[in-house]
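Two complexes come next, and they have one chain in common, chain A, joined by chain B in the first and chain C in the second.
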Partner chain A sequence: MTDLVLKNIGKTYPNGYQAIPSIDLSIEEGEFIVLVGPSGCGKSTLLRMVAGLETITQGDLLIKGNRVNDKEPADRDIAMVFQNYALYPHMTVRANMEYGLKNRGVSKDERHTKVMDVAQMLGLDELLDRRPGQLSGGQRQRVAMGRAMVRDPKVFLFDEPLSNLDAKLRVQMRVEIRQLQRKLATTTLYVTHDQVEAMTLADRLVVLNKGKAEQIGTPMELYDKPATTFVAEFIGSPSMNLFDAMLTERGIELSESLTLLMPHQYRGAIKWGIRPEHLLQSDEANGDFSLQVQAVESLGAETLIHGVLEDGTEQPKPIVVRLAGPHLPDIGSRMWLTAPLKHWHLFDATTQQRL
Partner chain B sequence: MIENRPWSRLLSHLILIIGVFIVALPVWVALVGSTQPEGSFNSGSIPLWFGDQGVQNWAHVLFAEAGSTLQIPVWHLLLNSLVMALGITIGKIAISIISAYAIVFFRFPFRSAIFWVIFMTLMLPVEVRIVPTYQVIANLDMLNSYSGLILPLIASATATFLFRQCFMSIPGELVEAARIDGAGPIRFFFDILLPMSRTNIAALFVIMFIYGWNQYLWPLIITTDDTYYTLVMSIKSMLSVPDGDIQWNYVMVTTLLAMLPPVAVVVGMQKLFVKGLVDAEK
Partner chain C sequence: MSVYFPQKKLPYLLVLPQLVITAIFFLWPAGQAVLQAFYREDAFGLSQQFVGLENFVDLFQDPLYYKSMVVTMVFSFSVAFLGIAVALWLAVMADRVIRGRMVYQTLLVWPYAVAPALAGVLWWILFDPNIGPVALFLDRIGLHWNHFLNGDQAMILVVISATWKQISYNFLFFLAGLQAIPRSLIEAAAIDGASSFKRFWDIVFPLLSPTTFFLLVVNLVYAFFETFGVIDTTTQGGPDGSTNTLVYKVFKDGFIGLDSGGSAAQSIVLMAIVGLMTVIQFRFIERKVQY
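What follows is the complex of A and B.
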């Protein structure tokens, strides 16, 4: 059963600025959907529209089949976890968690059992009588999640909940959020700008750019078959190498002197892309092209080599290669590479759409 | 810069001691004077050590009559002052916190215009608008009444402004969290806003209590009946004796009594007061 349906949802501010032109999305029960995009792409606005904190100026929002466009946030049966946690500083952890229930007139005993259940699940039972000011960042994060879980809502909304944590804790909480969501099987909408978070958490990803959904799909779909150049560059780290090229009968012409052979019918300007991890080190005899090494980033398990493509033109075209294990090429040296055909990505140069 | 040389320490202590001496001397004179027999001030020298009339003077002033032209005991004046000061303080805080709430958290037409009009009343203290205010209070038949003493002093641009600043520093996410938690405007106000501005309220309470307690001109103008006289204004009338001697010993007792409540408020609420002015509790 579909839990949450966004039908032609749009947002135009009173001053005429169109933050979100139109988005269609239907989310199955228990699905974990991640909205991802660069800052200013409208992902938080969209989440806040679902929450009811921003008005919806166009389209319909359905939760479990009911149109909730004009309902107050409290009446939509959603719970939200904020970036800064937004815990009430003067209340204890327990009071923070049960405040929503109290306002709904839930009896004291029921509140108590619910809070205890959630607190045990999150390991907060020792902290129930503390105030948020006495907790660490990770604990506050947990309380914020606990406050959302206690209500047992139909939809969880997360607004960049991990961005205030340090790197190690972020990884830990990421795993924990995923496990909790699986266990509770509550439909979840999660906003982030971090593509690692997006890839690891999501059942399905929505990549947003300037208020438009560029692509909706599973993380691997997006990785293997990005629908647009934007998605191609956004998903994956380091991002995909993209070059302007001409598609001719002979193949892909990166420059006058460099052509990758691939007989094809279509003719025209395209963008040719390949991910850094799909480029293979080769030698002069077998290599498709070469690069001039400019910087080397050794990460131990892998090495990132930044260079410029040697295609016979003056214009420098930066390219990144990701090789497994340690490599130490000299700066300025030449490195030959092969680009396996199955990992090529071709996009139309004008529409930016996948070919 | 922290210096730790013996000479500078000696010097700074000396300056502080002189300061304390200058500030404390009048209080000391009042304290000593309140124990002197009648007329000892009129001998030409100011007594610097306790006399033997302390208990009688204090009992007379507190419970019999204040002396000079005042026929009512000082405890009644104290009560009047307390009613006025508390009325002004609580009224000011209540009105300004509500108006700040409206200005910060609600969107309505002319919102900022209204704020600036409130803000502009900073330029109109009681002294400036005293004639029209008197007219209004007289027409409302509130001369010689507690409400007449309190009402004109209740509106406060300063407090509204302070609460506005305090509310604006509350993160928007907190307001939204409360909305999602199902707290309507009234619940939000009482459950979240009031407890969060606790320290600000305490700080304002101290400032406003002293302001209210020290009101002089307004009570002097609108009260003609002894029973509504306030303590601070009646000290002056104790000094204007048509003929005969000023009863300095009684004046000193009254002065000390007038000082006590503000001191008690400041001392009692010191901790909260400093907290309210210094940090906005994250």
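What follows is the complex of A and C.
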């Protein structure tokens, strides 16, 4: 059953600025949807529109089949975790978690049971009488989640909840959020600018660019078949190598002297892409092309080699290769590479759409 | 944090001007007052007689002094309460204004630039029983206004005059306090199902409490000691001492009653009160509620 439906949803500010032209999205019950995109792409605005904190100027928002466009945030049966947690600083953890229940007239005994259940689930039972100021960042984050969970809402909304945590805690909380969401099976809409967070958490993700959904799909769909160059560059780290090229009867012409053979119907200007992890080290006899090594990043398990493509032109075309294990090529040396055909991505140069 | 100067004399030289000013305009007159409090002087200032604590004994046996204390309490707490309540209401409203925000806020701050005496005159004219538009309006709706005869009305007039000025000051602090509350807290409360009334009393008001407490102390001190001008230009302590606050009584007894000894004794008591309030201010405000 669909739980949350965004039908032709749009937002235009009174000054005429169109933050979100139109978005369509249906979310199944229990699904974890991540909205991802660079800052200013409208992802937070969209989330706040679902929450009822921003007005919706166009389209319909349905929660469990009911149109909620004009309902107050409190009447939409949603709970939200804010980026800065938005805990009430003058209340104890218990009071913070209870506040929503209290306003809805839940009895004292029931409130107590619910708070204790959630507190135990999140490991907060020792902290119930403390104030937010006495908690660490990770604990505050947990309280913010607890406050949302206690209400047992139809939809969870997360607005970059992990961006204020340090890297290690972020990974830990990421795993925890995913496990909790699976356990509770509550429909979730999660906003982030971090593509790793997006890939690991999402059942499906929505890549937003300038208020438009560039692509909606599972993480692997987006990784394997990015619909646009924007998605291709946004998903995956380091991002995909993309080069301007011409598709002719001879194949993909990266420059006058460098052509990759490929039969294709299309003729014209294209962008040719390949992910850093799909390039293979080779030798002069078998290699498709070579690069000149400019920098080497050794991460232990893998090595990132930054270089420029040697295509016979003066124009430097940066390229990144990701190799498993340790490698130590000299700076300035030449490295031969093969690019397996099945990992090629072709995009139309004008529309930026996948061919 | 401490700062150490390598020079020995320079720090003293730098604070010297302030010390001189304090000595000439505060310590010396205060010392004179302390001395005078133990003497009785004739009305022309020609002879003095040491009387020990007699001025203080007289003071604390004088029913008029206790009446003045009650008047001061009623006046000060009314000014502080009214000033805080109205300013908070205005600040909450101003915080919601989006268009013309600057104009609105600037206009609300202006009264603070008006001298207390002028504020007094302004309200005195507005409420004048013969020509004041407010008084005439009140008369028309059947409320006879004459603060020259009615003590309660005189009190209301001085409270309004003194509060009017202080509202601007309080307003600025409340507005800054409101703007320091993260919007997401209000939004979280809205999602938690709190009505706008509840959001104010459960979230906003408690978070403003450090500001409110600071303003309470500042306003009390203001009403106690800095409202001489307001009272002098409106009621002069009358009618029948109904607006005769402690500070105004010091002036009246000393300069009109020409009882310099009694007046000096009263100012010693006032100094003690100031000292006490300063201690309270430092004790509680410096250590204000931290979140």
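Keep this in mind: the second predicted complex is superposed on the first by the 355 of 355 C-alpha atoms of A that agree within 3 Å, B and C clash if a C-alpha of one lies under 4 Å from a C-alpha of the other, contacts with A are read in each partner's own complex, and residues count from 1 in each chain.
Keep in mind that, in the parts below, contacts are C-beta pairs under 8 Å (C-beta built on N, C-alpha and C of every residue); 3 or more make two chains touch, one makes a residue touch a chain.
Just so it is clear, the model here is predicted, and its values are computed rather than measured.
Undergrad: Could you check whether chain B and chain C clash or fit when both are placed on chain A?
TA: Once both complexes are aligned on chain A, chain B and chain C clash.
Undergrad: After superposition on the shared chain, which partner residues are touched by A:Ala51: those of chain B (first), chain C (second), both, or neither?
TA: A:Ala51: touches chain B and chain C.
Undergrad: Just to be sure I read the superposition right, which of the two partners does A:Ile331 touch: chain B = first, chain C = second, or both, or neither?
TA: neither
Undergrad: One more residue to check, A:Met220. First (chain B), second (chain C), both or neither?
TA: The answer is neither, since A:Met220 touches no partner chain.
Undergrad: Of the two partner chains, chain B (first) and chain C (second), which one does A:Ala269 touch, if any: first, second, both, or neither?
TA: In the superposed model, A:Ala269 contacts neither chain B nor chain C.
Undergrad: State which residues of chain A lie in both footprints, the one left by chain B and the one left by chain C.
TA: In chain A, residues 51-53, 72-74, 78-80, 82-84, 86-90, 99-100, 103-104, 133, 147 are touched by chain B and also by chain C.
Undergrad: Inside the complex, what are the residues of chain C that reach chain A?
TA: Counting only chain C, the residues touching chain A are 182, 184-185, 187-194, 198, 202-203, 206-207, 290-291.
Undergrad: Chain A touches which residues of chain B in the complex?
TA: 171, 173-174, 176-183, 187, 191-192, 195-196, 198, 281-282
Undergrad: Which positions of chain A touch chain C when the two form their complex?
TA: Residue positions touching the partner: 51-53, 72-74, 78-80, 82-84, 86-90, 99-100, 103-104, 131, 133, 147, 151.
Undergrad: Please give the residue numbers of chain A that touch chain B in the complex, ascending.
TA: 51-53, 72-74, 78-80, 82-84, 86-91, 99-100, 103-104, 133, 147
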